[in-house]
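Next come two complexes, and both contain chain A; in the first it sits with chain B, in the second with chain C.
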Partner chain A sequence: MSTEHDPAGMTRRQLIRHSAWFGAAVVLTVAGGEVISHIAGSADAAQTAKPALRFAQISDSHIGFNGPANPNVADTFNQAIGQINGLGFTPDFVIHTGDLTHLATPAQFDQVKQMLTDLNTPHVFTVPGEHDSTDDAGQKYRQAFGAGTRGDGWYSFDIAGVHLIGLVNTLNLKKLGHLGADQLEFIEKDVAGLPNDTPIIVFSHIPLFAMYPDWGWGTDDAAQALSYLKRFSSVTCLNGHVHQLFSKTEGNVTFYSATTTAYPLPAPGQGPAPKPMTLPAGKLHDALGIREVSYTKGQQALALKDEKLT
Partner chain B sequence: MTITDLATRIALSASLAASGVVHAYLYVDGYRGIPTIGPAFLLQGSAFCALAVLILVGGPGWLRLASAIGAAGSLVAFALSRTVGLFGFTETGWQPAPYAMISVIAEVLTILLVAATVLRRPSADRLPAT
Partner chain C sequence: MTPGMPGMQTPPPAPSATAPQSPAPQGGTAVNISDFKFNPATLTVPAGTTVTWTNQDEEPHTVAAKDGSFHSPAMDTHATYSFTFTTPGSYDYICSIHPFMTGTVVVTK
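== the complex of A and B ==
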């Protein structure tokens, strides 16, 4: 084998050696990735052969909105419903995290309620957005969706060993979302008797974390609510309102903002205000979507899968 | 090879392995469910473990340089996730404890060890090994 130097100052032998090291690095990295994936897969297989709980989240359908950002929000909402029905399994329930309607008119509530009946799931849960309570502190919302709820529309339920809490933080708005004393007392009492290892999932429209307070993307008394949940090993908060995916962890709590089925909003601070964004033709569906959530007994974290609207 | 060289090589390998194992553990533990961040943790974990093995068995100098670049990248990603967010993902402070701190210490150590190696060697030795 030649040991002559090439113009770069490396002999062929050296080049072969370095190539071998590079190849070894690639092979070991791929093999290591396979091993780690296999371990993760084994953990899944042992515990997620059938998740204890599988549900879908949709948000911010804004039925009644009419603008260039999305000239047909009913159509994209229908597509989202079809996508959930085509997941390949029946979700234990579907949660809509608010702004079902754009202007909270009786006709818009009727329309969205009718559309939600097309979902192939035993239960549909909702929480109101500020667009669902524009002029009546949420009365029309509660007439349409408030059956079985407490106070101004909050509630909790247990399914598959998971405790779920639906909160209303869109009434009594100043700038940020607000829960209020009655609801905080409800949360405190609601979780008081639960063991520490009970997985907790909280739904709200406005984020319970300070995503961007300048635009009202936060809840002023969320810290009090979360203090009642501190002792639990797994707390997951799902919200809408911001029309974009975002996640954040704070101690035992993980927050996930969902996207919308209607129209995108700018990223925090991008522009003077969170106004509907009109995307180039063909790009709207990439900004819209649905979320699939599953929980497996023995695992702390929920598995989330966000899917673009197809 | 001197005892110092061998010790540096072992320490570098250990710091890489620590960061890689932490990322792999967090991936298995639940980060794999986070879009983009999950696959990034898998890649970081497997690549750092591979680099740890290859450096331990006497790999060439550019593997150490790659390690330092990877460690710096991991630290930048850590800083972004605590400030403006990384692919829409943010975390607070040293959460998840103690893994965040172990990983940061290991990556800083990796950079320092590579820097020490480069500074200590005469310039002629910095050429690729044959």
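== the complex of A and C ==
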């Protein structure tokens, strides 16, 4: 059911720590500096057939941050945009999984929105991070990015036979991420008419799995949301928030945390708090990156390719 | 990883550069935010006192009352927020960005 590989570069002790946190199911292949995550057995065929859907994910740009961990987050975000534009194909869309801004100021929203227009793609989707909704329950976020969304900014859409859902789990926080009754009802109704073999992709800022609850890295009512998705054969949840790559499979659902374009955070429980890490000179780009995701008809799992910022 | 203190090189020699911070001066009106903790976690003041929070972290924080009676905007590094407590009672608050951070202001008559 689940496989665990020893990710290259990870010490035995770190691996044991990972297993202790999460119990199971890390599938990471590191090849030539890229981390390629996939469900075991799915990759070969996926590489030969033409994907029905290809998109890119970026996350946690934190426009407005100017600490020593990254004195120029606009530069690294621009580089990430350039890297997506240089993929060699036009992504069907680009999803930004939140913390677009650092302090949710109107100027920061203007700036990041302007920067996103440089992406060469027909659609840019976003979900808010808690940095985008610090003091106004997401109002400024929705003014900038809420067009066409429902409720507090959630939405769904279909491309190439895939059903995609964008969730908001950064409002009304008690300790963890939170979806709330209205949004849960939306999810239940949204998928009610879909056949079981419809591939489902869910975007959220905060992980929908318990990555590290002591630092708020989980969503308190995610189990309810996932219960509506149980009958689907392929469910993929893509999140940001944690500023590092991680994946986990639970039954029919695979979760993938993305890295950031701004600055790294410590691994779960490393140090007293999830505070920005200042890396030695020249190492920052290795911790930042973009993600390519593709879906090929007939494949159960999506193919993900995480690339370091070049 | 080196557990450094990025963001702490700037002038005010923050008292938070070393780990377990002892309770702030008794009877003060200041709450320091450092390493994702409110210090002191519980502050007791007489009614009419203005309490000032100062963020010493590189990450922004907020101060948000659980009962909604006060809510700061995001405080960036070294930013402050003040609120005057006029009514006696116990006010629990969190950082709305990192809600695992909790604090209490007890206002006496």
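Rule of thumb we're sticking to: the second predicted complex is superposed on the first by the 261 of 310 C-alpha atoms of A that agree within 3 Å, B and C clash if a C-alpha of one lies under 4 Å from a C-alpha of the other, contacts with A are read in each partner's own complex, and residues count from 1 in each chain.
Following the convention adopted for this analysis, contacts are C-beta pairs under 8 Å (C-beta built on N, C-alpha and C of every residue); 3 or more make two chains touch, one makes a residue touch a chain.
A quick note: this is a predicted structure, and the numbers were derived from the prediction, not measured.
*Asks:* Taking the superposition as given, does A:246 touch the first partner, chain B, the second, chain C, both, or neither?
*Replies:* A:246: touches chain B, not chain C.
*Asks:* Between chain B and chain C, whom does A:67 touch in the aligned arrangement: first, second, both, or neither?
*Replies:* second
*Asks:* With both complexes overlaid on chain A, does A:131 touch chain B (first), chain C (second), both or neither?
*Replies:* The answer is second: A:131 touches chain C but not chain B.
*Asks:* Output check: A:277 vs chain B and chain C. Expected answer is one of first, second, both, neither. What do you get?
*Replies:* Only chain C; A:277 stays clear of chain B.
*Asks:* Counting residues of chain A in contact, which comes out ahead: chain B or chain C?
*Replies:* If we count touched residues of chain A for both partners, the winner is B.
*Asks:* After lining up the shared chain so the two structures overlap, which partner does A:117 touch, if you call chain B first and chain C second: first, second, both or neither?
*Replies:* neither
*Asks:* Between chain B (first) and chain C (second), which, if any, makes contact with A:302: first, second, both or neither?
*Replies:* Touch partner of A:302: chain B, not chain C.
*Asks:* List the residues of chain A that touch chain B in one complex and chain C in the other.
*Replies:* none
*Asks:* In their complex, what parts of chain C are in touch with chain A?
*Replies:* 1, 3-4, 6-7, 9, 19, 35-37, 57-60, 62, 64, 71-74, 76-77, 94, 96-100
*Asks:* Mind pulling up the chain A residues that touch chain B in the complex?
*Replies:* 9-11, 13-14, 17-18, 21, 24-25, 28-33, 35-37, 39-40, 43, 244-251, 299-306
*Asks:* For the complex, which residues does chain A have touching chain C?
*Replies:* So the residues of chain A touching chain C come out as 67-69, 102-104, 130-131, 134-135, 173-176, 214-216, 266-267, 270-278.
*Asks:* Looking at the complex, which residues from chain B come into contact with chain A?
*Replies:* Listed in rising order, the residues are 20, 24, 27-30, 32-35, 42-43, 45-47, 49-51, 53-54, 59-60, 62-63, 66, 85, 88-92, 95-96, 127-128, 130.
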